[in-house]
Amino acid sequence: MIIQLQQGIPAELKENILQQVKQIGYKASEVKTQRGDYLVAIGKKDFDIRTIGQLPGVADIHRVSEEYKLISRKWRVEPTRIDLGDGVTVGEGSFSIMAGPCSIESEQQIELVVAHLKENNVKIMRGGVFKPRSSPYAFRGMGIEGLQMFHRICREHGIKIITEVMQVSQIEEMIDYVDVFQVGARNSQNFNLLDALGEAQKPVLLKRGISGTIEELLQAAEYIFSNGNENIMLCERGIRGYENAYRNILDLNAVPVLKAKTHLPVIVDPSHGIGLRDYVSEMALAAVMAGADGIIYETHQKPEEAFSDGQQTLNFDESARLIRRMRQTYALRESF
Amino acid sequence: MIIQLQQGIPAELKENILQQVKQIGYKASEVKTQRGDYLVAIGKKDFDIRTIGQLPGVADIHRVSEEYKLISRKWRVEPTRIDLGDGVTVGEGSFSIMAGPCSIESEQQIELVVAHLKENNVKIMRGGVFKPRSSPYAFRGMGIEGLQMFHRICREHGIKIITEVMQVSQIEEMIDYVDVFQVGARNSQNFNLLDALGEAQKPVLLKRGISGTIEELLQAAEYIFSNGNENIMLCERGIRGYENAYRNILDLNAVPVLKAKTHLPVIVDPSHGIGLRDYVSEMALAAVMAGADGIIYETHQKPEEAFSDGQQTLNFDESARLIRRMRQTYALRESF
Amino acid sequence: MIIQLQQGIPAELKENILQQVKQIGYKASEVKTQRGDYLVAIGKKDFDIRTIGQLPGVADIHRVSEEYKLISRKWRVEPTRIDLGDGVTVGEGSFSIMAGPCSIESEQQIELVVAHLKENNVKIMRGGVFKPRSSPYAFRGMGIEGLQMFHRICREHGIKIITEVMQVSQIEEMIDYVDVFQVGARNSQNFNLLDALGEAQKPVLLKRGISGTIEELLQAAEYIFSNGNENIMLCERGIRGYENAYRNILDLNAVPVLKAKTHLPVIVDPSHGIGLRDYVSEMALAAVMAGADGIIYETHQKPEEAFSDGQQTLNFDESARLIRRMRQTYALRESF
Amino acid sequence: MIIQLQQGIPAELKENILQQVKQIGYKASEVKTQRGDYLVAIGKKDFDIRTIGQLPGVADIHRVSEEYKLISRKWRVEPTRIDLGDGVTVGEGSFSIMAGPCSIESEQQIELVVAHLKENNVKIMRGGVFKPRSSPYAFRGMGIEGLQMFHRICREHGIKIITEVMQVSQIEEMIDYVDVFQVGARNSQNFNLLDALGEAQKPVLLKRGISGTIEELLQAAEYIFSNGNENIMLCERGIRGYENAYRNILDLNAVPVLKAKTHLPVIVDPSHGIGLRDYVSEMALAAVMAGADGIIYETHQKPEEAFSDGQQTLNFDESARLIRRMRQTYALRESF
């Protein structure tokens, strides 16, 4: 059960509602986000929902039977739109493109990518500075200095930054240089990180786990929301399977299903989803048709020289062509 | 190594080529199809391919390193187009729609579906008469009488029939009433059935196994081709995975990858691929954008009363809308 | 609902029972096996089971809520023991070892394996003569002549034969030379083959599908039983997964779960289950501890020269050691 | 390449070795653990290994071609044995039992479990105080106070503690109360946590990821070792699969394969591996036969009242019987 509280509700009214909820035998969690003040009440007893609904201070009340509550579309029908500033928003009603290299490598690289994005009117750049790597001996990214450089150049050109955060202690040092925190597939159930990102007031793009279920992804998002942050995007990036002909199985089934279950924007990453440069574009276009609110993909001035993931990275020509086609595909979808 | 023989090659020339191939230490299989005469030679020794290539009677010769040979796009770049008669063809250059119920149920049902297809200018109807069912106590289809009725009505209206064949002994009784034999996911590696369908001169739609690999699907098609039948379509229909939010994982990665590896047409079945009626259309459109040459899906006059698979079956309104949108999506894709 | 009929029930009594079942609104299937006469009645209506139970000719009656009925342990608690003749039986109360090469290759090979088995008091030899192969160009086995030779030598030495049958038409030609028909993983849901093996009066070892579920395996067994053959063994042989460090995932969880759900014997194939010779023995011993009624594995006089599956085949020394250890492990398990 | 340095090597000798390694074009990482001083050098160039091997200060040098180095059995043949103090050790040559509840719930519960363990001569108790839960609204454990209570009671009775750590910041507060840090499946690739546990001087039990590969598990262990901590146990706890008849697929194939690839002890968790109380014992015994160095499982005085995982938890009678049988099974295995 979700109880939406009236804005600026006085403490004693809130306390009274909490008492009533307890009396019914429900356990209530208080949630205060950028956008509102809620109580999430969990319990099993049957009771007349109006006994709570009519209490002073209650703006709205809904039963939500799913394990996830605040992110459910059963509760909030209206899609969440996330404002990144300067007129850049993510969510239903517009189509978002996020492109850039796997790893931030140098000043010159950032400038080349930024120029490419501006030429194609793309507003959000991806690029990793903290890289989760299977081997402890592999390149782990340029770190905070890389991020600061990344930020300086992007700010100059009005480009927003999305980059991966790997642990709680990085949030504070990164937060001033980031527009969207990305949570990688390996951290999709790193609950402490999710809690902490709930408290930080920055948008989060949450990737599905390596073999995460839809239910787990939604509950992971609930962690962030219930800690105070409503600005969450979900990202399908391919799941692990038995097939060795490609890196992952891009599970586009997830797109319409997530869109129906939650009001949060759904983004697709075809680069990791198939892992083979020759087919990234087809999968990006398929994802648009499946209903994605945006696409995040890898591009680099010279993919064959990229520090990481070169085999799934588009060059700028391929990237420009894909951007054009995605926009045409989105326009057709919107005309339906 | 594939050796394409000249049309009408005299027996002694062929014999001579076979001798030469043996001498090199290769094992040759003769393949004679509707469209040509080939030798597939398997071996490991290195030798100058021209020693065979220049023999009288050889039209063309290619090395193909894959385990599958005759269906490889490395050997034959030109896409296979399959002629079903009356101007109905399947393959690159056109977009094929195959629709109809999971099971053939009655004369009236067939007539309703046929009318729906004609109204929407769809030329191929699907419908099962022999149904593979997990339980021995479940409805197993109307059998050969159902097929004869199906055939009679479709012939009247110029509609082509695709239906599943489950065993070798059914081929002969079915062949006069069928335009395309469908091999179901559970029979994807029923090699005796594949051999027999290679000998039959009817087109085959071959579904990927329940958890079949791309490689296995291609080799299964090679069985059919190498037994004499070039008219094969491959079908992605969802693979088995850990996710319980939908019936299968529709693996659209398979589409561009198959298109690159083989010259055969690639069809997608979104009905089984996601198994939930509400999302079949999105997945069909995504499949078109991924590069599918056609879509096969389930429609029924009253899905909720269908004998089987009702939960993934579109009603006629949904079907008509989907047909329109698929054609628009295909037109956009072709404009790229 | 399973209705066990009295032995030698007169036709009119049976007819009467069938009528009563229909009247309740249930659909009944008659099943007549080597061991008994049953009616399986499927329906949803609630009714007093005694109205049927007290009819003349009814020996026993049980509700079984699972999709599989006759093979359920809820109906028949007593384990099925299968008599192969000459004192060789399979099932709870004894431990069965079935060993031999992947493929039958030659007279000499059979003789060497038979000698090895006799030396170690093993009574059942495996060996394929019809081989399902992914590629149409691979060795497909010695066929029926190979089987006849296999049979002749084994009969001389009192060894029982288990070998794979791939299609309905092979049953008749094979049946005189075989003691147990094996159904391979790829044919686990080849329902026509299962039906036909139900009618044949030979024991069947049914392998789990490449990625078959427990439920599918049980229902596949129900096909065989409901067509008249109670002598079925189930075989866990590894399932397909994402892990590339071994050929398959040997799913030993299946063993205690199958033992609880069905009265049929459960056999484990560690050779295919891990696919790596060095670890076959550990997995065989683990399977014994998990509760297997028998083990089927591959052995060959010179594994490195075997026509197929050499990488997972034990030599005779390894095989002899494994046999000893399996028997000790079984003895310990039985002492618990 | 692993260069083992002589104990107490002077700084200038080490520097000289580092210089030589760089000159060859290799990248060297210094690793200093409880047990030794190593250089791990990564590179591709071919060179005579003796040019490094003969330098003063080098105790030993080995090429290791795997991605994981220090944990490889190719480098160190001798199995790692981990000393927990008071004569409790884990690793080849003994068999370790770790048992206890999923969650620490109360003082009384701990005392009951401790009594049960002492009665059965079990030296290591498991029990979670920080619980990773899919839902943010679920019970997350008793936290640090629970751990302190857990520690106090166990110390009194000479029982060692293994409990899960979820984030870097918990290490410091937990370290005095813990004998083995457990890393859960969801944190198996939480590289910052692995780094930090490498620096902490406590043994670590590292669980395989939800669908982690063998290779990923080994590389995760390499993270810990290369940060300074050699005392690592690997734990197979079931992987995610398509089968819904049980919670996970206990992948016992992993046991002999891990034992061959690494010198670290391998522990199996049958409770999570099958997730069904009735079959936990069979799977534990199977794991022993597969070669496990120890078993970790869940037991509780009243499983049906446990705060979490009750459905896979043994009561004390079942637990006592299992302990006896595991020891007998281990004794048999050792006799082979």
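Residue numbering begins at 1 within each chain, and the chains themselves are lettered A, B, C and D in the order written.
Assume contacts are C-beta pairs under 8 Å (C-beta built on N, C-alpha and C of every residue); 3 or more make two chains touch, one makes a residue touch a chain.
These numbers come from a predicted model, not from an experiment.
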Chain whose mean Cα position lies farthest from subunit C: A
Pair of chains joined by more contacts [C-beta pairs], A-D or A-B: A-B
Rounded Å distance between subunit B and subunit D, as computed from the means of their C-alpha atoms: 50
Separation of mean Cα positions, subunit D and subunit A [Å, integer]: 33
Whole-Å gap between the CA centroids of subunit A and subunit B: 39
Per-residue overlap in subunit D, given as positions that touch at least 2 other chains: 211, 215, 240-242, 244
Touching residues on subunit A, where the partner in the complex is subunit B: 211, 213-215, 239, 241-246, 249-257, 260, 273-274, 276, 278-279, 282-283, 285-291, 325, 328-329, 332-333, 336
Subunit B to subunit C touching residues, read off their complex: 27, 29, 40, 42, 67-69, 132-137, 166-169, 186-187, 189-193, 195, 209-211, 215-216, 219, 222-223, 226-227, 240
Residues on subunit B engaged by subunit D in the complex (per definition of touch): 211, 240-242, 244
